[in-house]
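Pasting the structures here.
Shared chain: chain A. Partners: chain B in the first complex, chain C in the second.
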Partner chain A sequence: MTEYDGYSLRLYVAGQTPKSIAAVANLKKICEQHLPGRYEIEIVDLMKDPALAVRHQIVAIPTLIRQLPEPLKRIIGDLSNTERVLVGLDIRPN
Partner chain B sequence: MPEPPKLPLFADADETVQAIHQGDVDAVVVMRALEGPQVILLHGAEEPYRVLVERMSDGALTAGPDGVILYVNDRLCELTGYPSGRLVGRDLVSLFDGEPPKLVPEVTVEASLRRNGDDAMPVAVWSRPISIADTTATLVRLTDLSIHRRAEQIAAAERFARSVLEQATEAVVVLSPDGHITHASWRAEQLAEQPPVGRMFSEAFPLLAQSSEDVGMLARFSAESLDAMLATKPFHGVEVRLRGERNGKSAFLLSAGPLFDDNRINVGSIVTLTDMSERKRAEEQQTMMVAELNHRVKNILAIVQSVAAQTVRSSGSLENFAYAFSGRLKALAIAHDILTQTRWIGIGLSELLAAVLAPYRSADKTRVAISGPAILLPARVVVPLSMVLHELATNAAKYGSLSGRRGNVDITWQLADGADQAIELTWQERSGPKVRRTASAGFGTRLIERVVSHDLDGRTAIDFDPDGVRCTLSFAVRGQAGPSVTTLGSAVE
Partner chain C sequence: MRALQAVRAKPGDLPTIGKSPTGIRGLDEITQGGLPQGRPTLLCGSAGCGKTLFGMTFLYNGAVEYGEPGVFLAFEEQPQELIKNVGSLNYDIGRLVAEKKLAIDHVEIERSKIAEAGEYDLEGLFIRLGFAIDSIGAKRVVVDTIETLFSGLENEQLLRSELRRLFEWLKAKGVTAVITGERGEGTLTRYGLEEYVADCVILLDNRVHDQLSTRRLRIVKYRGSAHGTNEYPFIIDEQGITVMPITSSGLAHEASTERVSSGIADLDQMLEGKGYYKGSSILVSGMAGSGKSTIAAHFADAVCGSGQRCIYFATEESPRQVIRNMRSIGIDLQRWIDKKLMRFSARRPSLFGLESHLATMYRDVSEYDPAAVVIDPMSALLGAGASGDVHAMVLRLVDFLKARGITALFTNLGVVAGDNAATEIQISSLMDVWLLLYNRESNGEHNRQLYLLKSRGMAHSNQVREFILSSEGIRLREAYLGPEGVLTGSARLAQEAKDRAAMLVREQEAERRSRELERKRREIAAQIEILQAQLASEEAETALTNREGVAREDQLAADRVAMGVSRQTGARPDKPAAKPTNKPKKRLDSI
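Here is the complex of A and B:
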């Protein structure tokens, strides 16, 4: 397992629902601003493969999972509240 | 065996319920006993929208107010050649080559879509604002224009090619770069003994080189290399013949011109086989005609020369000479006129007699009676015969039955017994003044005898019977040149 010292984030969405779309946009914005060059985002569309929800016990969509750094962190919603996201992911504001 | 789904931790469950309650989520995952996990959307209104976008055969994306791509559908991934991960998060304008499209709601504009490892694709871009949560995003739809365009171009080119071929009166075929016939004009289909489309050119039209230079040129190529050459290189005007029973006698001119597309790549060629036969026949006929004309002109000059010489000898004075000579020349001219009018093919004997003797028949046709079977005279006898008739008539007008107010001439003829290519013609003068063979009965008779024997290859006998001059001519009408005698029925004039 390679050492990655950035943020590895996984965002679970449901196709094109408004909140899914908004979550994607917001996440990218936040990362660009507060984690420039120190993040990787993976978008998982549960509409395409619902079984992927099992891994992280996803029930509500959208849900953001911080895989790295550990421990696992979870934020539910469209991430429009930047403050809440930074706190939830434990990111020091830039 | 996959792990059975764990129940979420208490804290998480609480958070989830709260989130749903607050309206932070718009979809949930539900675990069904048999079907497994399923995504349920919480807002029914989104469903048609989702279906619309997902099921579109067009590429679609959603862009945020700042122009960042938020979502792309599968079709757009196909169109661009990038997976969604490489597209989401990019600037919308970065998708396009050159000028990015100016998005005006509900208006379609054209743009050039960049593709992964491929040429840019022409696309139609349509957009509409949509609201997501509290922001206004833009739905953008991209339609592949290239397929339509290409298909249209191909269809148009096909139609054009077909109409050109349909109009072609020549044998024209279109070859693919590998030498197969893809299109053929009607005439080409006729020439080929089997349907040509689909075959190699050398197979559909087996060739023989026509002229000796061409034999060398074509012989250098095997059927395969000939096909390859015709499909790709220009090739002008080689005379060939087609093998095969049907076309054995026809000569053709083979020409080929390769076709290139915008990228200078050979896309085939157009090969034509121009029927030379007509042209050749016309050429040959013209050559023949020129030679014939030459021959005739020489003849005429010789005749004129001889007539002049003879007339000089028999004319006492220059005045007599002038008179006699001009008369004879006029007869010659009339004969040639006749020939020209009938295009040197010939003339019927009755017509010729009528024409030459017209001056003596103007008042009364019965004065010179003409009767006999209709016979087409070949051109070469027209002049000599005219001259003979002219002499006979002149003599009759000077001394014989055409000299006074009474007297007439009966001209009759028949085909000689047993030889249907020879004519026996009789000139019988009656009821005129008694005639005596004079000392110089002179040039007239001598000319007649000479012309008949020399130019008509026949025999003549002139009898100065007191009742009236009688002249019999017999001569062949079949010769090396000219058509044979044709009897058309009997004619009485």
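Here is the complex of A and C:
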């Protein structure tokens, strides 16, 4: 792992579905608001590389995985519930 | 199966559904070809009843036997675990995976590690499944157990709609799918999967009765196809899954006029001199130690001796023990095993229930294709079944064997000689030949007797025969009928000794008479000799007398001459007249 001390996030989507588009928008909004300058987002379209779904154990779409800081965190859904996202990412204590 | 496809291929004909064979012995018969092709089948049952193994077998057979690659979507087990678990059945899953004939994808869902924030769907699962199917061109899919999703994810309503979508999607993909589900309380599956899978539902069950578990399978529904509706016992062992189909053909089997030897020449004699009918069922019943196994071994020996295969189901003794025991009466079964004409199948009756035993037998018979089977003893198995099932199950076995033209010899242990136990009554009516063996006590000893109670379709002997076990096997002795019935053992020997004594007396009498006759003959011969001697002496006497007479005449003549001479000249006066009479006297003494 790199020495990156911010949040490394990866969002798995499947094509341009409404839920995917909403998830991307919601994630960006939350990060800008709560993690300005301390985050990086990678968006993975499983339609283009379905093997990644197997490798990364993706079942639900969209799935957000916090790769850093460790441990790995997994959030599913379009991220419309901001509270749950913040708790899930350990940005705000439960 | 092929017929169905052929019909389907013709446009305009009545449409019927195609079937995808499972390759599971017995199941394809019950379903008349297999699972509905291109449609999902729901396989439900409680934990440990063989759902995963069933699914894996379906895929394995598809890949190996039918050229249909398959995908196993595992929610519960890791691929390595799965491969190991079925490795004991000689399913080389690892090789199939390497050859791209099988793909395993393990789906890991743990509620504690997943937070839900907003709406989602299971597109990820679809993508994975689609990827796996496309990567190997899969025709078969097993999803085991999809209900795990319900414990891993919160939104049950969403899951339900997604599952509905999954089944539609599988159908659209044209894959034959098996979806497993846990048995629920009062429902087939805990989360009601049967609502979505409407084409075929199979229920697996593992019930325990008297501490013996019996696995059963039932086709709950099969849309668009006739199918057996009963509960069918099935077994899982080192050779995979075997379902015992209960054939509805029942009494449609051929009745052969061909004969097979019982292996005992004397017994064949009682059966019109030819033996049993091929494909008939023979019941040999008797109490302990009456020689049932020996009759069974003779039969097996004869079958193998004619170059045909035989399976010996030993339910009480180990094969080695049977072989050893039979060697002591001069039957060498080992040579048939070495020649691959005979196979022993020994299983403790208490190992599992009657139905499972029958399923095992069905499997062994289908695989080995013998001309005859021996089940020794049947009674041990009967104890393993709930009483009501016994008749039905034996009927199934008998039907199955008859349909294949296999001659079957069952031995049955009765407690007392001639004791018609309930089970015996139940099964004896299914039998074509019923041999009763008695071990009767009389004069302080037990003697074996054999009686042919019935033998359908032939004029059989009605005699009770004594049979003797010797180092040359069984010999039947001619029935010895005395004033008090059949005599056996020492009573028979005593009677025979008596007969022999009487015979001896008769012989001696005859000898004495002939000796007497001889003596008389000699006596008479001696008398004849004496008489002949008398006759000879009388003849000699007569001859002498005659000669004396002549001599006297001569003398008289001579005297007359001498008198004449003396009267005239006195010629030869010195010759005495007594001399000639002395001579004949000497001759008489010498006789």
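Please note the rule applied: the second predicted complex is superposed on the first by the 90 of 94 C-alpha atoms of A that agree within 3 Å, B and C clash if a C-alpha of one lies under 4 Å from a C-alpha of the other, contacts with A are read in each partner's own complex, and residues count from 1 in each chain.
FYI, contacts are C-beta pairs under 8 Å (C-beta built on N, C-alpha and C of every residue); 3 or more make two chains touch, one makes a residue touch a chain.
The model shown is predicted, which means the values in this text are computed figures rather than measured ones.
With the two structures laid over each other on chain A, which partner does A:73 touch: chain B (first), chain C (second), both, or neither?
second
For A:21 in the superposed arrangement: first (chain B), second (chain C), both or neither?
first
Which partner chains sit in contact with A:11 here, chain B, chain C, both or neither? Use first/second/both/neither.
neither
When the two structures are overlaid on chain A, which partner does A:61 contact: first (chain B), second (chain C), both, or neither?
The answer is both, since A:61 touches chain B and chain C.
Tell me which partner A:44 touches in the superposition: chain B (first), chain C (second), both or neither.
neither
After lining up the shared chain so the two structures overlap, which partner does A:35 touch, if you call chain B first and chain C second: first, second, both or neither?
Neither partner.
Name the contact category of A:85: first (chain B only), second (chain C only), both, or neither.
After superposition on chain A, A:85 lies in contact with chain C alone.
Under the contact rule defined above, give the chain A residues that sit at the interface with chain B and also at the interface with chain C.
Shared contact residues on chain A: 14, 17, 19, 22, 46-47, 50-51, 53-54, 57-62, 74, 76-78, 80.
Give every residue of chain A touching chain B within the complex, in rising order.
14-22, 24-25, 28-29, 41-43, 46-47, 50-51, 53-54, 57-62, 74, 76-78, 80
Considering only the defined contacts, which chain B positions touch chain A in the complex?
Touch list, chain B to chain A: 2-3, 5-6, 8, 12, 15-16, 19-20, 22, 24-29, 36-39, 41, 43, 46, 49-50, 53-54, 62, 64, 68, 70-71, 84-85, 88-89, 131-135, 137.
Provide the residue numbers of chain C that touch chain A in the complex, in ascending order.
So the residues of chain C in touch with chain A come to 105, 107-109, 113-125, 127-128, 130-132, 149, 153.
Using the touch definition from the top, list the residues of chain A that touch chain C in their complex.
By the definition above, chain A touches chain C via 12, 14, 17, 19, 22-23, 26, 46-47, 50-51, 53-54, 57-63, 73-82, 84-85, 87-88.
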